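When the chains are written out, they are named A, B, C and D in that same order, and each has its own residue count from 1.
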């Protein structure tokens, strides 16, 4: 293990939420994992986030989560900072995972609110205080109301940002009024990083000052998202519009098959499998696409690739 | 009555959702209405939207709604296009209001989904088809899921956009992944206008190609929103950031007192009253701010005005 | 017009939420209305509730609502108390309708919370206080969170029950923990009537002390619901189980076709039309069943009728 | 370990969802656990359910969950059937816990839907099929929409009930229209047990044919709930009303302090501690009551006890 990265301040850029390549319910697809990590890092990303929603974290056994942390840190080998999702309903398991993350050389941990009991904001603040007092790695808050049933209110973000160990927020609400409200409350705090999850909104948030994106599509096309981020950071609106247009095509063509919330995740795994990178196995309760959807993904993938080529020429 | 405006294609810019100046539960504050309309139009806006959520439409008696349409068109006198909210649970009352709008010289009508029964998308499509077949004025869809309990899905917008009489969408969801998805589906359709409601997200959506904002703050500071729109349309990111910063201060300082969803609306009415423009009376079930909040609004208003002045120098 | 009924204390029994027989979007089916009212009253019900959710109140024009009040009171002619739904987003229109109700001889009015703006409990209390101070007829609260987006909390019911003019609650939440909580808070208050809307839960609530049901199925089979109520009031569990079984069959066979929340309402209107009582026209945004569903309703209706016959022998 | 109970068909009665006595975040309060189990069993209950919502299952480390299964089965020692909650977002961990349950002599397992990803009904059916094919113990479905964000639709219950290994449903929705709908669909299936969670609705559901209650209050007063169940099963409405009245007092006086959803759980733990039975420690993210609430609980507990005494005399 290389010495771990200390996160720059502010930490910024594209930090793909890595899917978890699985052989079956209890085993990692190790060669796939290696190919995927290398593929992503070679795309120029600024970090790697494992065990998020896109990583199917909550569907994996605990043993597998710990194993994934170890293997990922090993393969990454210090090339980029590794962020580890420790979201759990049991704080004690979050801390155990954070401990492994620290030992294996990860740079930070990320925690969404506990997602079983319905909490109020005061309980949420106490919860994050409980974590931060016991963590050695820096902590990112993770706002994910569609899955956790609770919003980390802007005032709660502000309150928690006084802790040195809490260094940023990943917001996956897709509610930009909320996100801009948080940005406004945190302005001037270059030590607190603000990322959005949904790639459909990354460009505009970075144009207005956000620090980056934790965008699923960067599993497939890391370079595209890096370029879009760079253009947005520079305020190069023309390039942003053109690259953002491709991101919207990816969203529209790869993430919208089927009826349920998981079509995004199924689409990415199918595409990565078609691209020859890793297995598309999904842990229960989700299931990979069947042949019909897979074929559509394959066709749409070709279309997207040719659009990306056109762009280059 | 001047000959009414035919909407340009695409219709774009700042179209303030006008608050309704009220003397009491059943009477308009007519001098206030006149001052307010003149104040807004002199700010350079591109249209005026009455009887929306910000206009407390659903709290007004039917007689008052019809009266407001007549008075507004009279006072506007053809200076800008007038858009009239006809949102209702009873389609027949929507049509009656549209009829008044047409007769008095309004340029378009705007309808959110009926908000009592829980509908599915097919029922929603049938509903808008029912309206559009009976309307003589062009119709804007109005997505307002927090109040209507239903999202106008992007595919529904696409389906409905084939009707010549349906000419745009006002989206107040604040969900930019949704909005960008709609923009992507409608790209190339310069005859279909895409506006957002929440002013906190207007700048970024226009930067990426949206047509404008229906922003409550433009009741108070129309010029600010017009300038922000123009900067965003030009892709002038620096100016956008600076003006957007003031909009976020307005949102943070004027719209966030009190506990409930209506603090935005109470804040605008209080501010307009403090500015000497019109009454702050609110129709039941809402109530204007009491003295304590009103004082805070007055102080915060001063702060915002001085920031705006600094900007000019 | 007969002298109106003063409601007994406590008011109890079966008070069918009458569907509104419509010829088309703007006209009542008058002969159907007469047949329906007579059919219901001859079933032995204890009151009649018009302009509720089942009555499509929010889909009707204001003129039609007022006309329905007048016509119904005329046809009922003092045989049972008439309760009039005045639920509206505009308090002023609620009061106007209450005025008509009072003039035409109705006995009480019923109001769900305003259903457009998102209110808090304090605003809800102020709203009902506003109404009750201006009403001459007694008022029933109407809890309908699936449509209004707000629960009338048990403590709010308790607070409002101190007003002499507020005489009861109709709860359509189907949440019996909520309802039992309200019953517990109001115990000993024989002057405050507690009714439930969903017929699927009427029997058990009356067994435990509730005052009655506002059950849609009583449009079709008033006698069944009256007998079930009487058995439940007496604590005759065997009869309750047997009659409740038929009510559940009605619910299962007539209210569950199609995908959306309105299948209950479509089912009742179809059945009444098949029974030769009145038109099944529904006001926009809802639509009556098409032929396929109608045939199923016809078949299921036969099945239910034969079960009811078996019961009698 | 005694030979485990095979569940009778139908399984019925009072099956308390046991709270988990904790010394601290990672250790059981073993003497408290022993006192609690004996207290509950001596009250005449028909089974014991551990690791449910009331048992704070999702807040406990995995090691602790496995330990609790072992310890409980040991202490119960075959006196009543033990049901083990295996609800988890990772199916593999559910299966591991079910394996421990089987080895230690539990009689059945109970699983709510996975509660992180948003699933549709087809995915939910596949999920339960996945489980049931791999389980050796019988499985109860557990409907808990407020925590899991998904309803197990009545048709889904019906579909899943064809599997021999799925033997019942615990419904904690408090929606009795839903529950009666399920009862109606499952009538005649004496091999499929229907329980409700909320004690506020247990009496009425058993009066109409449900099999029993999984009621938190039975941690404190097992005998009360057993007597109420027996009276309801016999159709003894007078006794039901009287005992149900006390249950409603317990709900009103012990479960309603504080603002959030967990006041029920905090109330039970505080009361058990005051009664000298076990620790009131709660695992993160929840916290036990502070002194002020605890005093109120102590006072209210005295009141309730004296009501129960009056009843006996």
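As a working rule, a contact is a pair of C-beta atoms (placed from the backbone, for glycine too) under 8 Å apart; a residue touches a chain by one contact, two chains touch by 3 or more.
For each chain, UniProt lists the protein as follows: A, B, C, D = Dihydrodipicolinate synthase family protein.
Quantities reported herein were computed from a predicted structural model and do not represent experimental measurements.
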item	value
Farthest-lying chain, centroid of Cα atoms versus that of subunit D	B
Distance from the mean Cα position of subunit D to that of subunit C, given in whole angstrom	35
Per-residue overlap in subunit A, given as positions that touch at least 2 other chains	none
Listing of all chain pairs that touch each other, if any do	A-B, A-D, B-C, C-D
Footprint of subunit B on subunit A - complex, ascending	174-178, 180-181, 183-185, 187, 198, 200-201, 203-205, 207-209, 235, 237-238, 240-241, 244-245, 248-249, 251-252
Residues on subunit D engaged by subunit A in the complex (per definition of touch)	25-26, 53, 58-62, 89-93, 96, 113-120, 123-124, 126-127, 130, 146-147, 149, 259-262, 283-287
